[in-house]
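The block underneath contains the structure these notes are about, expressed in structure tokens.
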Amino acid sequence: MRKFILGLMLTTSLAACVEGERPKSNSSASDGVVVSSEFEGLPELEIEEVGLVQELPSDYPSNYIFAHNMNFYSILDGNINIIDTAADTLEFKGMINAAQMASFAQSKSRNELYVSETYYSRGTHGKKTDVLTIYDMATLNIKDEILLPGGKRGQSVIQKGSLQLINDEKLALLWNFTPASSISVIDMVSREIVTEIPTPGCALTFPLRGAAFATLCGDGKVASFVIDGADVSRTISESFNDIDDDAMFMKSARVGNTQYFPTFTGNVRPISVGTEQAIPLEEWSLVTPAERKDNWRPSGWQVVTAQPNGNLFVLMQNNGEEGSHKAGGSEVWIFDVEAKKKIGAIKLDKGGLSIEATRGADGHLVVTNLEMGLEVYSFDGNLQRSIIVNDTATPFLLHAAK
Amino acid sequence: MKFLDKLTEKTTRKIAHKSSRRGFLTKIGTVVVGTAVVPLLPVYRAHANPASASKYPGVGAQSTGNPQDPGDPTSCDYWRYCAIDGFLCSCCGGSASSCPPGTEMSPITWIGTCQNPADNRNYIISYNDCCGRSSCGRCLCNRNEGDRPMIRPQLNNDINWCLGTESQIYNCSTAVLIGVALDG
Amino acid sequence: MRKFILGLMLTTSLAACVEGERPKSNSSASDGVVVSSEFEGLPELEIEEVGLVQELPSDYPSNYIFAHNMNFYSILDGNINIIDTAADTLEFKGMINAAQMASFAQSKSRNELYVSETYYSRGTHGKKTDVLTIYDMATLNIKDEILLPGGKRGQSVIQKGSLQLINDEKLALLWNFTPASSISVIDMVSREIVTEIPTPGCALTFPLRGAAFATLCGDGKVASFVIDGADVSRTISESFNDIDDDAMFMKSARVGNTQYFPTFTGNVRPISVGTEQAIPLEEWSLVTPAERKDNWRPSGWQVVTAQPNGNLFVLMQNNGEEGSHKAGGSEVWIFDVEAKKKIGAIKLDKGGLSIEATRGADGHLVVTNLEMGLEVYSFDGNLQRSIIVNDTATPFLLHAAK
Amino acid sequence: MKFLDKLTEKTTRKIAHKSSRRGFLTKIGTVVVGTAVVPLLPVYRAHANPASASKYPGVGAQSTGNPQDPGDPTSCDYWRYCAIDGFLCSCCGGSASSCPPGTEMSPITWIGTCQNPADNRNYIISYNDCCGRSSCGRCLCNRNEGDRPMIRPQLNNDINWCLGTESQIYNCSTAVLIGVALDG
């Protein structure tokens, strides 16, 4: 065995080298015979610094997406992955942990990420701690955490309605379930819990104007709450959600001042959210009579998304039936919500479980396919790239960067 | 990445179809609130062998030993699983109606109604979760017949029903036969 | 939608039904038309009890194996799976968690399982706790835990030498690494830490007779320690392990009073362990000159196992070379250690990363294959069955039940 | 279960061969103990695309932009990775020589010597781990040239080298160029 001497020499920069110009592949060395190469006479590669850690812009580009990996095979070790869906290189930007069916939200005004999650002192057992963890968007370092008392944080397959920001991102709404249902209101500026609102028979939230939110209820109604400090006022609608025979999905997307909820059998229910009170509007059909006969229906997990001031996208399957509403879809249908009309369809390469439209003029549609990879489509249906979140990830939920 | 197999959609859907014209538990759930209101978990997908859609590779077949309770409890298309969501306890050291050693069965649970193809009766199935150990990881199975959104929690399998247990960590799901649904 | 009435009737037993006799498959129901079946007139299926939890025998059959899943994709959520390798049904018996590159041992005399592991109060961060957790073998419930002070528990890809029981299972030996190396000695009867033995330059342990153990060291020697309460005496051998050019694997197997360590290039080093002092014996070759020319070498993770009073098994690859020692093997070679001779070879279906022989007369060879499934072979090389640990498991290490 | 791809053995072995006649770090490791002594992790296996052995599916290719530092840092056969073990930080939001946001680079690390095929020099590579987030899960890569058992810790990649960091949780591995190995 030969002996080596360690030479720690700082070499001069090789910036002069032309990018992309590849060396001739004549580097195979055998039995100690060093084959000459065009770089033979050049200075050694520059020595690198140890300890470097990457940072991100604190304001993420609109092509970034948060792929929330529930990590079904190790649920207590879930995570949220930041991915540049427009990049063909360096597409994976970083990861934050998100334990035990966590919920996620982002604040554009404070450049913070929020994860409400649950830990046990011994991983799977021991003392339980519910906590809302606050990350800095540039460093992805933890800035703070807010302890959530009472052990009541609702846990479910990951979804958007379990953590929402309202009132210009000043208040966070956390869904609790014990199985009694309530909403904890947290002031994200002072980082204090403001109040807890009992919501018996209701679940999850979606924002209204100002310090107000709405929640769907088991009697088919929608309840609206206005928060004024610790004071809360409530209004309730008539019953309109036919949960038995044509339930609204509890996944929705907003276009302008309207929140759109697809239903199990292929309709969509708009709810006006432009004021402090949710007002159910008239339902319309996502499908033609012929499509209905073929049982084209929404199906998947996050089955709906939208361009904030544009079109609505719904993940659709045909031959749907009772019990197939989480099967996933084969196409994404695009709707003009003003005309209440389908204006396009994207056939998915590997099916879809969840969909999310990125924001901005150059946006695109991101799909969690049925093999648990991501696929990025242009809005006119061209597959642009495939991105793996990680080898064993189950990224059921996608959040477009604000 | 191929460990989640979309082929099984077909299996699952076939079964779902079998009883989809039957009634669901929409009215019953609230009646059984004593024992009642069930298990966890997400998305319509089972992990079956493409060659034999009802069989998970590397998992030994089982039988109830009772011809009136037909099928393989390690298969996602076993009749009792019409609304289950998660890892089958039968594959995890438990059985269709019992938890693996070292886990705790959730006392709160969600209810499904499944038709037994042998006697054509509709039985009430309580999908109690087993809790306190992390994901078993075998025989992932999701069927949603009668599943309704979370505002009907007693009919929803997306909620983590490891509630009322010492730990909320989810291990696997059972399908306990707790009654008969009579068509009135 | 029809209305159902819940009938909770306890039905009479159907024990009279003949096992294996299948009903005719005439049960398809369409449009509410119930097709008659041979069971139509029979009593309803018996109602079942809610809350049942399985138990295991407290003394496990010799066909049981502990498949330790390091869970490389969620290392903090590892686990140990109890599997009956002789069963074609009900082969999976149960699971205990084993967090963050845990170590595992079993006590036959107390019917206990031991897991030394590491937790953080917030899963991936926060306060760190090293702990040795004690499980009851029958219930798999946690009986107790022993806190391990100092945060020094050694973490590595899972291996047997990091936790060993000696002195009729009374003492446990825990490997520490900070990167200073030491061994903590724990009295498993009183559950108290007895002492910590500095072992600079050495790592892991293997048992000697009585309250004594050995450890391999970086200078090529083996050190032996005898524990007498908190007093420890030490002896050290001459240097014999050529770590540069033909390193001993730190995986070994015992036959009778000898511990066998394969080496990187295809030899095996026996060490006498029948007394309180480890005595290196003469190395012999696992390969013939012709096999050596083809570079048949041990390769994999746990590359060696044995029948306690029988033959030695080594996982072998051909075309081996520097750096290929963890690649995994294509065959398992069987050696008569008295004759120092190969007496058989098992060609593996899907390669092997780790191997383990179960105990008892009816034993067999269990292999973690390169697709991370288990395969069970008879000792004469017949593949008996394939068993999956779980869909995303990385079961790098197998322990046969004592 | 197919996510661990044994095909890549071949890739990895080919590379290993390329420099296997070169010297290893057996004598050098101890010299660099200041910075020194490296990363974590286990078993000779990389997760490459069978169609193109050097490419992980769903991971965008990269280039150093320097022809004297050839190859793709998201590929297990990139020359610097001759003794790496774990998830490649280049695929995880870091690079070959830096950690992903939110993680911390281990100050203690293990050293390898890899031959740069462009200039035929042997460089000293420090395989520092990034710590404090759980497994990145992308681009699992294991190569063991010069790896020796744990009694030579400075030459061993089985040890969890997330030591001296706030958290010992392992996220991914870098390959920092810290010097040149001169053949004396």
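Here the chain labels run A, B, C and D in written order, and each chain numbers its own residues starting at 1.
The rule is short, and it goes like this: a contact is a pair of C-beta atoms (placed from the backbone, for glycine too) under 8 Å apart; a residue touches a chain by one contact, two chains touch by 3 or more.
As the structure is a computational prediction, the values presented were derived from the model and not from experiment.
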Message: Let me spell it out: compute each chain's centre from its C-alpha atoms, then which one is farthest from chain C's centre?
response: A
Task: Report which of A-D and A-B is connected by more C-beta pairs in contact.
output: A-D
- prompt: With chain centres defined as C-alpha means, what is the inter-centre distance between chain A and chain C in Å?
  reply: 39
- prompt: Counting in whole Å, what is the centre-to-centre distance of chain A and chain D, each centre being its mean C-alpha position?
  reply: 31
Field: Euclidean distance of C-alpha centroids - chain C vs chain D, Å
entry: 28
Task: Give the residues of chain B that touch two or more other chains, as numbers and ranges in rising order.
output: 1-3, 24, 26, 57-58, 133-135, 137, 140
Statement: Within chain C, the set of residues that touch 2 or more other chains is 1, 73-74, 76-77, 97, 123-125, 244, 373, 388, 390-392
Field: In the complex, chain A residues that touch chain D
entry: 1-9, 14, 17-23, 25, 27-32, 34-37, 39-40, 42, 44-56, 77, 79, 82, 87-97, 135, 138-141, 373-374, 385-393
- request: Please name which positions on chain A make contact with chain C in the complex.
  value: 1, 71, 73-74, 76-77, 97, 99, 119, 121-125, 129, 131, 133, 142, 145, 244-245, 390-392
Query: Considering the complex alone, what residue numbers of chain B touch chain C?
result: 3, 18-19, 21-28, 31-32, 35, 47, 56-63, 65-70, 91-95, 97-105, 107, 109, 113, 115-124, 126, 128, 130, 133-138, 140, 171, 176-184
Message: Help me check something: in the complex, which residues belonging to chain D touch chain C?
response: 1-4, 6, 9, 12-13, 16-17, 20, 24, 26, 37, 40-45, 82-83, 108, 132-135, 137, 140, 142-153, 158-160, 162-163, 166-170
Task: Mind listing the chain C positions that touch chain D in their complex?
output: 70, 72-76, 100-101, 118, 120, 123-125, 128, 154-157, 159, 177-179, 181, 201-204, 216-218, 241, 243-244, 247-250, 299-301, 319, 321-328, 350-351, 353, 370-373, 388, 391-392, 394, 396
